[in-house]
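Here subunit A shows up in two complexes: once beside subunit B, once beside subunit C.
Take a look at the complex of A and B:
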């Protein structure tokens, strides 16, 4: 009997699906594939809710334990870990309804909104670093923006992962400084996407990204909190530590930050001048 | 900083500066001390009221509106009590008082108070 290519493809696809016999989950479809496993959409029969099920290709249970230890609003909570009949490890986590950061940016959100996402990602990283965990592979594909604006950082801390080109720090040993590098690369990506290849956005933000992406880890921000503080200073109209601001720019920033006060002072000077002038007429 | 205290300080400084500008009018030189004291007192009262308002309402726009109204009102009383060559200098005192009040109202709104921790 001849089998058409489409039938063969279907059989291959079906054979590749994980066997969830003995678990409380029913497979509904594939969400995405990464270097270390596949994420499926599944239904939890016991609790009658949808979950994301990550089936790992290798012995990576450490990843699940690592994420389970991280309790933060921007980190997807793990519900359960387990093993499939074929021996592969899996973990069930909250199913995030939203889009990847790179797709989200295609909707051309405002600069303030882009920075809000970056700050949420940075807060999650800062928290993880305080627990000793590092992400290792921060990139737009690992950041989800939910339908209500919530931000989630996915795919934490796989030992076998050494980052993604463009977001990977040049050093071979990955630590929190390589996460800071990746966060700087993510900031640069967020500023330019969608857009030309050259960095766009305000000079202060470009300087923040450039400082985070220094080849020498010691020249980067000492921690994620310092990077976030610089972004906050930019948003408040203050000078950022990463940029030696030219005097002209400094004056313009002062003027725009204190426009109302300067107008009032000018009005006072004008009133005084006019009164004095009229008196001498 | 406490907004009322900040209002008092801003009002005092701005009132003193406003009073000091009377120096440009030679006919007032003999009354400079009284003008400075009176203007500073007026500024302090306006500043305290602006600070009190800023504690109740956090709005730059309304801070300026209330500050300028207070400045105008108190300047009216000062001008009504004062006479130069037998005439009340309403315009000369009320116009700058109006703007100084607006500045005081704006500044008291910009003062940040520390958040209370439980």
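Take a look at the complex of A and C:
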């Protein structure tokens, strides 16, 4: 059978569309392509609401089961898992109205806001690691920021996911330390994105990212919580574990953190000096 | 340039359940694996040789036949390492090496030792596709053509000629597609039946394509990557 280019393209397109016969969903359009499949916007006829429907490339319902057992405010809740008539696994999840992190950063949010997003991502990872799940492909394209500031970590990975250059740890076998590496890469990304004119980031934060991205997994943070604690210490004006701070920097940080106390001491010293001066007139 | 050959490789003698290429090679039945490979790759290889080396129809056919004969003799499957490249890339690179050597040998004979390659892209005038893209496109075309043959045979064997007729009229229409309502009136069925028949035929076609791919890939990962490339 000879197929023209146009018929071939049509067949490739139509055969790829999910056949939702026998399900409660109606296809509305494609949202995007993720690590292991395609995400569509669909309408749930039974509950009359819109959902995101991820159709996996191959027989990988394990991904849906893995995500379904993760219950965290920064992980998109799964409504249902199932199998299409053509054998492909799918899962329906909350349709998130928001933008990808890389697009969100283009709006030039403040450093505090960038760190808030990183902390939310880290909390989701820390939770997932306690359940034995790992992400495997954390990157800006897999983080969504909702219109009310909510943060979601998407596209939780499977064994087959190989990670993304720039965010993938160098080790062959990915584990939770690989996720810590990716979180460090994500921190470096939010500090420098969207380009050269953006913040390079304070040295302490750059050091936190560098520690998380050590080639040797044993030299990274022992867990995600430790990384988040270092970010928190930075935000509270304390020394971070990842950085051997120079004395001059340490004094400046002490000064800015204890500004009121130093002003009071200075005022006290000033008064004492004036009194001493008046007594000796 | 003379017209392409109509040869598309052998049809009709494939195992109903296709084990993977490597399984077939490892179990000592490379001929069966090679049959599947030839069915899917003969035409893409032929077109690639014509396009890349500027061969005429007969020379390209001979080179294609020689390549597959040589592949059978030289442990072609045993040397395939799925960690380095997909089987499709491995095969294309092997074809390129083989055809380049043959091409050089022919030129040596003709010119008493001088090796002179024809411009590799000489036939690319008027098209923006590279020989590699032509190879990939032909591979997709052949994959779907084989799957369509299977779909047609399946419909005939299971009494689903109506489903195939609707699918053929709509999805294989070269020119303007008929409307669902027009097809429903033509066959005396409800419009919803037209969409159901189309969905069924597409689902079956996808299944046949997947099985074909499974037969010429080294495992789930390569299968998934090939499917993603195909559906993108």
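Everything below uses one rule, namely that the second predicted complex is superposed on the first by the 262 of 281 C-alpha atoms of A that agree within 3 Å, B and C clash if a C-alpha of one lies under 4 Å from a C-alpha of the other, contacts with A are read in each partner's own complex, and residues count from 1 in each chain.
One rule holds in what follows: a contact is a pair of C-beta atoms (placed from the backbone, for glycine too) under 8 Å apart; a residue touches a chain by one contact, two chains touch by 3 or more.
Note that the coordinates shown come from a computational prediction; the quantities given were computed from them, not determined experimentally.
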item: Which of subunit B and subunit C A:86 touches, first, second, both or neither; value: second
item: Which superposed partner A:248 touches (first subunit B, second subunit C, both, neither); value: neither
item: Touched partner set for A:6, first subunit B, second subunit C, both or neither; value: second
item: First (subunit B), second (subunit C), both or neither touched by A:132; value: neither
item: Contact breadth on subunit A, by residue count: subunit C or subunit B; value: C
item: Partner chain in contact with A:275 - subunit B first, subunit C second, else both or neither; value: first
item: Which superposed partner A:29 touches (first subunit B, second subunit C, both, neither); value: neither
item: Which of subunit B and subunit C A:17 touches, first, second, both or neither; value: second
item: Touching residues (chain side subunit A, partner subunit C) in the complex; value: 1-8, 10-12, 14-17, 19, 21, 33, 36, 38, 57-58, 85-87, 160
item: Subunit C to subunit A touching residues, read off their complex; value: 137, 140-141, 144-145, 148-149, 171-174, 196, 199, 202-203, 205-207, 209, 220-221, 223-224, 227-228, 230-232
item: For the subunit B and subunit A complex, residues of the former touching the latter; value: 21, 24-25, 60, 64, 91-92, 95-96, 99-100, 102-103, 106-107
item: Complex interface listing, subunit A residues touching subunit B; value: 260-261, 264-265, 267-268, 271-272, 275-276, 279
